[in-house]
Amino acid sequence: MKRKIRVTVWNEFRHELDKKHPSGKVYPKGMHAVIAKALAAEADFEVRTATLDEPEHGLSKETLAATDVLTWWGHMAHGEVKDEIVERVWHRVVLGGMGLIVMHSGHFSKIFRKLMGTTCDLRWREAGEKERIWVVEPNHPIAAGLPPHFEIPHTEMYGERFDIPAPDELVFVSWFQGGDVFRSGCCFNRGIGRIFYFRPGHETFPIYKQPEVQRVIANACRWAAASGCPPTQFGHVPTPLEKC
Amino acid sequence: MKRKIRVTVWNEFRHELDKKHPSGKVYPKGMHAVIAKALAAEADFEVRTATLDEPEHGLSKETLAATDVLTWWGHMAHGEVKDEIVERVWHRVVLGGMGLIVMHSGHFSKIFRKLMGTTCDLRWREAGEKERIWVVEPNHPIAAGLPPHFEIPHTEMYGERFDIPAPDELVFVSWFQGGDVFRSGCCFNRGIGRIFYFRPGHETFPIYKQPEVQRVIANACRWAAASGCPPTQFGHVPTPLEKC
Amino acid sequence: MKRKIRVTVWNEFRHELDKKHPSGKVYPKGMHAVIAKALAAEADFEVRTATLDEPEHGLSKETLAATDVLTWWGHMAHGEVKDEIVERVWHRVVLGGMGLIVMHSGHFSKIFRKLMGTTCDLRWREAGEKERIWVVEPNHPIAAGLPPHFEIPHTEMYGERFDIPAPDELVFVSWFQGGDVFRSGCCFNRGIGRIFYFRPGHETFPIYKQPEVQRVIANACRWAAASGCPPTQFGHVPTPLEKC
Amino acid sequence: MKRKIRVTVWNEFRHELDKKHPSGKVYPKGMHAVIAKALAAEADFEVRTATLDEPEHGLSKETLAATDVLTWWGHMAHGEVKDEIVERVWHRVVLGGMGLIVMHSGHFSKIFRKLMGTTCDLRWREAGEKERIWVVEPNHPIAAGLPPHFEIPHTEMYGERFDIPAPDELVFVSWFQGGDVFRSGCCFNRGIGRIFYFRPGHETFPIYKQPEVQRVIANACRWAAASGCPPTQFGHVPTPLEKC
């Protein structure tokens, strides 16, 4: 039998604990709880969660070594994520092949910016407007089982220009009621790791409870799961293969 | 008349000053002097140089603001380049549109690794072997005026796997006598800046004196010259363009 | 002085001649006349026009040999374009480096489909709705001088999925009032030729009279102008460069 | 249990039947027999073969409808492949999602050129020289289980410039003893179909008997296997999703 894909669902988990913030009503146990539950309902995943305020942000060396795909949600506390842990995650992605799914406001996380090399900035608006996500590459595994488009009734808007390197594969483009568009599903290969940026998701709307959104996250975890390729050999190779 | 392209040729300039090192014989005034002279011989460039041991590594805010394209050569002292200056160069590329030409061992410079988001590692060998550079995209402006292939008689070898993101455009691939290949001419867009990585060049061989190599560097500077596009507006846009 | 870019503006020119069709009112001399006039107003272009019902569709060998960039508009008579002429244009693009700008309903032209290798199909609707074109790569030469977005007040909608190969560079994405999105500005390299697909333009709306649209077409012609690289040498090379 | 991947191994099968040609000694039952046997030895494939001189070249509508991946080898008789069958295969790839693995001299087949839109020309030499294939994207599924490089002791040389669109993913680059390089493993998405071009393979050398080559072909078939995504809906959509 094929080994299960080990997913660690990471969440900053601050908004939801703030009693004055609406997110606690939508996600009383945190967004990670909803995402983890949805993934755990599928037979091929083994799921754990981790949050910012745990020791080492819940991302010890052991946990990362036992993680095939890490999903990332952060917003108000990007700056509190320790550089040492960012370095550890980066190393595990680029040299170890761990997949990374970055969601919504995670665009501004240290780890995503470090992997992209750009500002990852964008335009945004909180008007609770409608978003319609269009599949532009229907044969991509991350689009498996999706209709040609699906809607998020109320969301925060993210609009272009999105300052990322041109994605290796562009899977989704969003339409917003307020007149904007966005590259909402972007695949990147970095080192031997696979990274997927997925725009939807906001702490005050029940977006991670939508079946289509859950489907995309599950598909993305499968796509990004460690390839199992051995570590690449770099460095000094003094003996040439051919006479020279 | 069209304004000249302002190029700053940056060099670590350490090997050449070491009397025990052969590079001083090949480049008595430094590699930057040879590169700058070749560029200055073309009518459309205005050239200055900068080196590691100058104040601020010769890369003051004023100098960078007056630079359309920065060329970068470093090797033994990557670690001595101050993070603050790396940040400044990165900002000028990504948000200001300055071009950046990274050469040879510059693959391991802080600035290139920061822009790429990967290790930028590779395999290498110093056997003084022959390299043959093949043009794989003949219509690319960086290949203008080149023959289908050209040779570097003696060089250090860099071999695949080269740990970079897939380049936006792959212009050159190298063949090495010792049996290796390498993606030797790689274009990247990051933010509004253009970056070109060019493999050839080693401190102990007169590679930067070769006409084909000089031609590539000049072509690359033209290609990477600041686009002149205005800074992108990011951030909060509370008023939607359409009613929502 | 630099030689002018020689542009041939090609138009099917059937709708405009049909007295029952509204396009004749909008473009009494044909869309090509408006496009050609806009280009001719810029100092670096030398412009001619050609239409379907001229001998050889106005695309004799001599005309094509003297054309750096060909712009293409067709719709109702794609099938009447002779295969021999399609072959001739294809040859001139791929092997000769002529640029090709394909507009709007030209997505279904024989030449575009032959160059893409896919169906080039899409979804469409004629509701006279609003389109907003977003620049996703502001540093691309085709976006030079444009605002972050511009609007077309009334147009035919083209929506995703657009069945093209992933473009080498994606410059524009369109938002439509009716809820759709579209990859509206797509760059492709084929052989030594450059191809740009630009979505806007419909025969019954005065879209080609808009300054932003004219600006894009002029930018695209400059980008696609023949690189001047010599023809590539293919075929049998019996003598190896190295002993084997 | 997961359904097996249905592979049809297509071969021109002319050289091997020519008693004066050395290929008959290397592949007495044809190259397709060797390729099919290697695939059939893996548990997840269901394999059949088809050749040029069978009715409809062995590619009836029924056969194609029951094929997830088609592998293609042709050389001396590209022109004898009927346009109607080429069209049928093209349709099945682009609109039906059938995978297509094009090998060696298949670069000049009608189907590959139709899908690429370019000449697919290259430089070649028959000197029986050594080829070394380097993995440039080790985490790609087509590289699974391969060493960092492997050799083909004697082969026909194919050298750059290879006139193809820039591949969506470049997996392998070849080094040749005679001094050339080649993009040897190229992935393309066209419509909802996946195409892989794999350079190795020549009728007079036992290349398809090499374990690494067989491994690549098996990996490529898995990668290219029909995604199972439903046919895309194109065409007229008169009713907008939003009021306009």
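Letters A, B, C and D mark the chains as written, and numbering starts fresh at 1 in each.
Please note the rule applied: a residue touches a chain if its C-beta (ideal position, glycine included) is under 8 Å from a C-beta of that chain, and two chains touch if they have at least 3 such contacts.
Predicted model, so just to flag it, every value in this text is computed and none were measured.
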item	value
Contact-richer chain pair [B-D vs C-D]	C-D
Most remote chain, CA-based centroid, reference being subunit C	A
Centre-to-centre distance between subunit D and subunit B (centres being mean Cα positions), rounded to whole Å	37
Between subunit D and subunit C, distance of the C-alpha-averaged centres to the nearest whole Å	32
Junction residues of subunit A, two or more chains touched	132, 137-138, 148, 159, 161, 166, 168-169, 176-177, 179-180, 189, 191, 232-233, 241-242
Touching residues (chain side subunit B, partner subunit A) in the complex	94-95, 114-119, 121-127, 129-130, 157, 159, 161, 163, 165-166, 168, 176-180, 188-191, 232-242, 244
Subunit B-facing residues of subunit D, complex	132, 134-138, 148, 159-162, 166, 169-170, 173-176, 179-181, 183
Residue ranges of subunit A touching subunit D (in the complex, touch as defined)	97, 132, 137-141, 143-144, 148-149, 168-169, 177, 189, 191-194, 227-230, 232-233, 241-242
